[in-house]
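Per-chain numbering from 1; labels A, B, C, D and E assigned in written order.
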Amino acid sequence: MKCFLRSLTLLVGLFFYASSHATDALPTLTTPDDVGPVVEQPIEFPHFRHAGDAKDGGMQINCMYCHTYARRSMVAGIPPIQKCIGCHQSIESVRDKPRIQKLFEYWDAKKPIPWKKVHDLPDFVRFNHERHIQRFYFQQDRPYQEVCGYCHGNVKAMTVAQRQKPITMGWCASCHQKDHPVSANSSETGHGPNDCFTCHK
Amino acid sequence: MGKDIREDIAWAQINKDVLKSLESPRKLYWVIIFVALLVFSVGVGCEIYQYNTGMGVANMDNPHVWGLYIASFIFWIGMSHSGTLLSAILHLMHADWRKPIYRFAEAMTTFSLLTAGLFVAVHLGRLWQVYYALPYPSERWIWPNFQSPLLWDAMAIFTYLSSSILFLYIGSIPDLAICRDNIHQGWRKKLYTLLALGWEGTDRQWRNFRVTYLTIACFLIPLAVSVHSIVASDFAMSQQPGWHVTSFPPYFVAGALYSGCAAIITLFIILRYVFRFEEYMTLPILKKTVRLTFAIAMVWTYLNCIEFASVWYSHDQVAKDVLIQKATGTYAPFWWAMIFCGSVVPFAMMVKKWQTNIPVMFAVSLLLNLGMWLERWMIVAPTFSHGYYPWTWDHDQWPSLIQWGIVFGSFGWFTLLFMVFCKIVPSVSMYEVKEMVYHRSQARKKEERAVQEELAVKGAH
Amino acid sequence: MSVSNLLENWSKFRHTHPVDDKGIPDWEAYPSDIKWAMSIDLDACTGCNACSVACYAENNLPVVGKDKYSHGQAMHWMRVERYWDEGDNGFQAEQGARFLPMMCQQCEAAPCETVCPVGATNHTEDGLNSQIYNRCIGSRYCSANCPYKVRYFNWYNYPEQENAWPAPLNQQLNPDLTVRTKGVMEKCTFCKQRTYTARNNAKTEGRPVQDSDVQTACQEACPAGAITFGNLHNPESQVAKQWQSQQVDLIKDIQEKDEKEGNRLRGYRVLEELRPYPSVMYLERVRESAV
Amino acid sequence: MSKRYLLALYNNFDEAEAVVRELRNSEIKGFNAADDLVVKSPIEHPEVEEFLGEKSVKVQWFTLGGALTGGLLAFSLIAGSQAGFYSQMKGGKPIVPIPPDLVLTYEMFILGGVYITVLGFLICAGLPAKRSPLYSAKVSEDQIGILVKGDDGSMAKLREIFTRHKALEIQEEAGR
Amino acid sequence: MTENDFSRRDFLKVLGWGGTAVALSGCGNTSIQDGQETVTSYVTLPSYVTPSISNYFNSTCAQCDAGCNIMGRVREGRVLKAEGNPNSPINRGRMCGLGLSGVQAHYNPDRVREPLLRTGDKGETITWDKALGLINEKLNGTKGTEIAFVTGGMSGHVQALLGNYMDELGSKNHFSYEAISPAVLRAANKKAYGESMPRYRIDKARVVVSFGADFLGAWVSPVHFSQQYAQFRKGSRPEGRGVLVQIEPKMTLTGANADRWIAVRPGTEGVLALGIINALGKAGLSIPADIAAVSHEYTTERTSKETDVSAEQIEKLAALLKERTPSLVLAGGAAEGYAHGSQNAAAIALLNRVLGNVGKTLEASASVPFPQIAPTVGSRSSLIALNDGLAAGKYKVVFSYGVNPVFSAPASMKFKDNFAKADFKVAFAQYMDETALAADLILPLDSAMEDWATVVPEYMAAPEGAGSNAYAQMSFRQPMMEKVFPDTRGVGDILLALLKQRTADKYKEFEDFYSYLRSAVLKNKVALGGKAGDDDEVFWNETLSKGIVPLKGIAGSVSAKASAAGLKLPVPTDADPSYPLRLIPAVSASMRDGRNANEPWLQESPDPLTTIVWDSWVEINPKTAAKLGIVEGDIVEVTSKSGSIKTQAYLFPGIHPDAVSVPVGYGHEAMGRYARGVGANVFGMLDSVFDKETGELALNETSVKISKTGQRVIIVKEEGPVGGSQAGKPKIAVQVSADKVDLSKEV
């Protein structure tokens, strides 16, 4: 009998725990990594070389130098080849590296590069890069590597980008429900939209 | 009026008779199983086609978004109610004539609920996403909409189904123990041993058993009422003319008991023949069931009239239009057939001679069931074809063969489950029949003793 | 634990909208500064169906073909209804036909929302009746409870099995919204993708949304300019001016029009008396009596 | 000290009643009628209950606990989940609407009640159990069994009582 | 276009873009498929392009001849939707359903994809070189007079190029054909006002009386007139809310929107017009003597008897017209499709003169200063001329472009047989329509959204303000995306290639039609609104981005010179008892002459009045139907002297009891999956009766009889079983009498 009561308490407790866990205590800001598949790209683009820290031999280029649409539109965008060539035509030192040669092959043929998508959302989801960059990069003035990296992981250390975060609805919500400061110096906070229709299309 | 049951029937004989039903039914049993299987597979075929192609093949359209599936859903839910009536309400009222027939009535409850559940699945446009409607803590952080009557439905049906299964099971444990004790080989032995849970009929077991059975019975009665009220809420809670009716919950409950009783009569007759239960499912019991059914039929008729009257005398012109449309429009034949089957045919049960006439009662019970099925259809469909918005009125919608096929298939599914159950679990409760026989013979003995004493007193004078 | 959240914000969660338990209209508590609304002038509407076609083009509506149309399975979010005057012996055509474009009325107290078992249709803070396609399981209860019958169900798998957009017609599909697959309900969204973009741009520029930011596809197409759309909450918007001048109040079920002037106004809402508080005001069609 | 079991079968309740009465009245060393006496019967034994003496049934407390837990759990979980992050306004109704939540609370009240009652039954009735070694299939048919447990020394006396009341059959088994 | 042509081509490329590619499987795909989809990057990207944000390209609609200015919404190299250009004086940012369906013509799966050569009954895919070579070969040794071109209405530089080509060939046989054209109106207007297409100012009129002019549906420039109509209906206008009276035997969309729809006996519109003049005179309006001389015969009683319009109605109408000026009287298709159509139109034009509307609501138009690009308008009479020529074997090589005469010519003309008599027929076609099927060589055309062209509208709408009387415009049509099918060509490119076969030297500087057009435009920079010193590139880009080139046009003039002299209207005779009903082929706003029938949106868009979709029907007045015992859905046979069709009957209150109406444009035997076999082709059964003055085919002069076939169907339509009834619900589509409302303060 006692044994039963104990187990009953345990069961009820478990149920409460699970439910409260589900409604409140899901992922926090330091989100777990959920590494996506390794994606083979037509050119093995070295993100670490371009965006990485100087001590690691990177050039610390701002993400939005190449992914320039992120702050202006829904999608971050893959830069046109023109952008790559813009710099690389004057960087003689690496011209004979195989990856650069490949790049110039595409350019000379005026053929677009068929990149593979690394961060894919379901078709019915509307994710707006612009809003997030505006909110956290411009308004809140956080470093771009943190702002981009929250969803994309530590790309500056990667060669070809690989998904690092789960990018699921619950994961999005874990951040949306947090109160974030409205601007860099403000004590006022606000959370992300919770309206289904905002993100579902 | 004859006796409900022979009082001198030996307990061992009861065991023997009932256990025989588990082994050698009449040939008709196998015919029924075969036909049920056939009908069910037709339904399965239709469902596979519908699942793959889309709900459109059922020939539903924009105003008629619900069709026979919902109507049949209510029908099957309704059918389940009389099992509870017989096993719980009559149990509390100590009407012991229910004892030989309550087990199969309860099984009917369970299986018609399972059949109703089938229609939920069949009806959904995206069955594969049905888990969205389940309240479980998901990664997505969202829950179903607890405001929706459909969710209440799901919850109520789940509660009812699981409670009914438990009730049925708890009530069968002593019988399963009998089976365990009498069947000595094969998978059945293992199954009964497992299910009987080591029941020995000790005083402790019986004591707790009695209280438990009574408690669940007490729970089941309000539950059954709430289940069909909630099903009625699917309609009554909506805003549509013809649905938004305050009297729908009692009306639905009455209809439910009605169709359930009619189904009990049908199954009574079938089981009595197939399993040779003439000794137990006796004609006097049939008579009592028939009388009960008649009473409920009159309640239903009354509530039906109330509904018409309240529509008629209200100022809700739209609801009035729907009613008139039912009686005069495209659905008129079915509507009048429903009135005939539901309110006129039961008067055949008033004829004393027919009350125990098996063929007549079989036919009557089938007609009653047809009437009750039509009733559900006549609740669902006409509102769609004659709602608030005249532009979308559409009286030409007719269920496609696919839709009909699935509805027929559900009868096969129910029959199959029910018949298989009856062959595995004793469909007459042996221990309760023994109780019935025991109590009646005790009562008779007492009576006789009293008479003798009286005679003795008289003789002394 | 969200129960603590519940207790903390109890009054917020118990708030009813747009009319409280005691029947008192409550505009002030509106959750945002945007309330999308529409008004349609039936006197200007010519019934030409341009709005309907524009809706097909904007919202990826499948063409179902004759057979399915005959079964009432058409997917037009915006349908143009044609009514006749009724005379002694049948319909009268002397004063022409009456046209009424009918689409989702984006009710403030929408009957469809409460009944969805999975919560796939909700009220958004900018006053729309949302439809989350991926959440929908196809119980069709919303449509059953819609008094206007403006919800359309995907009876078939139009994009794939029914091949509603044979290549290269599929290249026309609008990427701003999904193509719905079989088994989900859909309906007019007041061009959600457009209002979203308008709000997004206004937010980036740090200003409120104006009339010039957004037009619905039907409004944009309407050759007679019969449709006005905008933010009812902004007194400067055309739609707010129209509603006000017609003395139609979003949160009243019976409009209390001014005795003297009010009965010479022509704004009304369809099936208002059912109290769904629709967001579309129609202006009565006018016909000259002198000829 | 080892215990032994004895099972006697009787034809009807009257005989069984007489045996039980005698057993209860007798004072046999190593046998306590209140604890060591079990009556097995094919049907519920209305008369035997009386002469076995009042024994309390605790199932209803399970019922109460289960029903209350079910109801409370339902309301708090439902209201709690409605008030979660994704709370969405619906049809002009409050986000936490009381009437619908009460409907579900009611259902969960019953569900909890029924489930825990069944659980309580299993616990109180000691099911599922291994069958005792002294079990006769006759008990599920038409005979009443009386199972007693006693010290080795008491066996003879018990057996004597059973035989005196014309037991149809007496089985004995060494206890555990 | 700030960069070179290469970048534009690149931009036009169809690209899938992350998150914005077509989401076909919609709701099903809940999984995240990393690394599965391809995101193709651009090679170069103009600065104005941002992925996921639409760009708009100004162009011109090609769905009908009104020439509305559109903006194509382009994303990721795909054109998604046509929207109206707000700067256009024609459509002012608005669109009609037909125009919106233009994208479906562009992406149509049934477009011709390669040049096809007929060999016997089979078609064979050939290369462009071979196709063009074949034309060259056939033309060599063919005399100019033996070469004929049949086209629709044309304008702009394509027309100029065609003119050049014909000059090179020495052919003068250009037949501009439109199945539905206001040709009688043009002639009558020219006679009555001195201009064939004056500007109508519905927005300025207080009363509009329209004799069968469906200006909201399919007449001349409907989107433009709808704008005017919206103004006209505004109660806050200084003139107050306008009153529209529509007089026609079969209710058109305009009739459905009229304050009063008057069902007139078919063909007696002119009589009614004169009757109204007479009534106006009686009411005290001074009628010029020459008109009075004719109109006095048309007493109200006589008019009422002949036209089937009540005397009271005529007087009421006259009173209204007298009281509310200015008014505007329009004569449209329904009034003109008779042997005496020109007389009808002339009589109606007299009303405008009597009422003093000329110059007020009927304004002078302006024409473009370049005659080569001015519109060539089509007519049916030119088809008759072509047919006669073909029948006589005069033409050996025939080119057809943008027309489908095999479909739309009456069977009695035997056009198909005559067409077959030509040795070599070349069809420039987008679809395998009936005419393309009858041709020997089919050249696949670019769609209007892939091609370069300039367009000059026939009806020259003008913006409000100074100089509007001399306003004329030329609109650009430009590619919005890469070709959907790589092997199609623009008509300009084909003509240029053909010209180069003849005189290579003259055109050798033009690589393609684009360069021809560009140089032609830059050559006339000043006339086109530029300054002589402007940079060519900048000017060209700015002009293109606007899409509309306002020109200082040659202002026309209108005068009330309509004369009643020579006006003779036939007395209506009793109908031929064997063909008792008058057939009125109805032109619907979406189907028009049927050239757009393969666009599914149009097929699925219900006819506004009957709400029927995906089929044709015959409208019968309920009274007539009752007499004939016909109910809705009966399949009836409509038989004329020249042919018959079978179609479903629809009982329609908006039709005169003496008339029946069948929509045109249905009943294609070819063209594509959406058009083929849908409905019946009413063109085929028309009698060959011609307007006496212009020689136009008189569309409404066919008498028919109707017989039941015994079959019955359920009509596929949008309306439900209660038809147009609101079934006792007063607050659905509400109507209010004008004196019951105060419209003046509306916003």
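Observations on the structure shown:
Assume a residue touches a chain if its C-beta (ideal position, glycine included) is under 8 Å from a C-beta of that chain, and two chains touch if they have at least 3 such contacts.
Computed from a predicted model, the values in this text were never measured in an experiment.
Contact with chain A and chain E alike is made by B, C. Across all inter-chain contacts, the pair with the most C-beta pairs is C-E.
Nearest to the overall CA centre, using the mean of each chain's CA atoms, is chain C. Farthest chain from chain D (centres taken as the mean of C-alpha atoms): E. Taking each chain's centre as the average of its CA atoms, chain C and chain D sit 62 Å apart.
A straight line joining the Cα centres of chain B and chain D is 30 Å long. Centre-to-centre separation between chain C and chain E, using Cα means, comes to 32 Å. Spacing of chain A relative to chain D, judged by their CA centroids, is 61 angstrom. Each of residues 17, 19-20, 23-27, 30, 52, 714, 719, 725-726, 732 in chain E touches at least two other chains.
Residue positions of chain A touching 2 or more other chains: 19-20, 23-24, 122-124, 168, 173, 195-196. Residue numbers of chain B whose C-beta contacts span two or more other chains: 126, 141-143, 145, 147-148, 151, 388-389, 391-392, 394.
Here, these are the chain pairs in contact: A-B, A-C, A-D, A-E, B-C, B-D, B-E, C-D, C-E. Note for the complex: chain E touches chain B at residues 27, 714, 719-722, 725-729, 732. Those residues of chain C lying in contact with chain D across their complex are 1-3, 5-6, 9-10, 12-19, 31, 107-114, 116, 119, 122-123, 125, 277. Interface of chain A with chain E (complex): residues 36-40, 69, 72-82, 106-107, 110-124, 127, 163, 167-168.
On the side of chain C, the complex with chain A involves touching residues 1-3, 5, 119, 122, 124-125, 128, 130, 132-135, 176-178, 189, 192-193, 196, 200, 203-204. Taken together, the chain E residues at the contact with chain C in this complex read 14, 17, 19-28, 30, 52, 75-76, 78-84, 91, 93-97, 100-101, 103-104, 106-109, 216-217, 222-223, 226-227, 229-230, 233-235, 241, 243, 245-246, 251, 253-261, 263, 316-317, 320, 484, 589-590, 600-606, 608-609, 611, 613-615, 622, 653-654, 673, 678, 714, 716, 718-719, 723-726, 731-743, 745-747.
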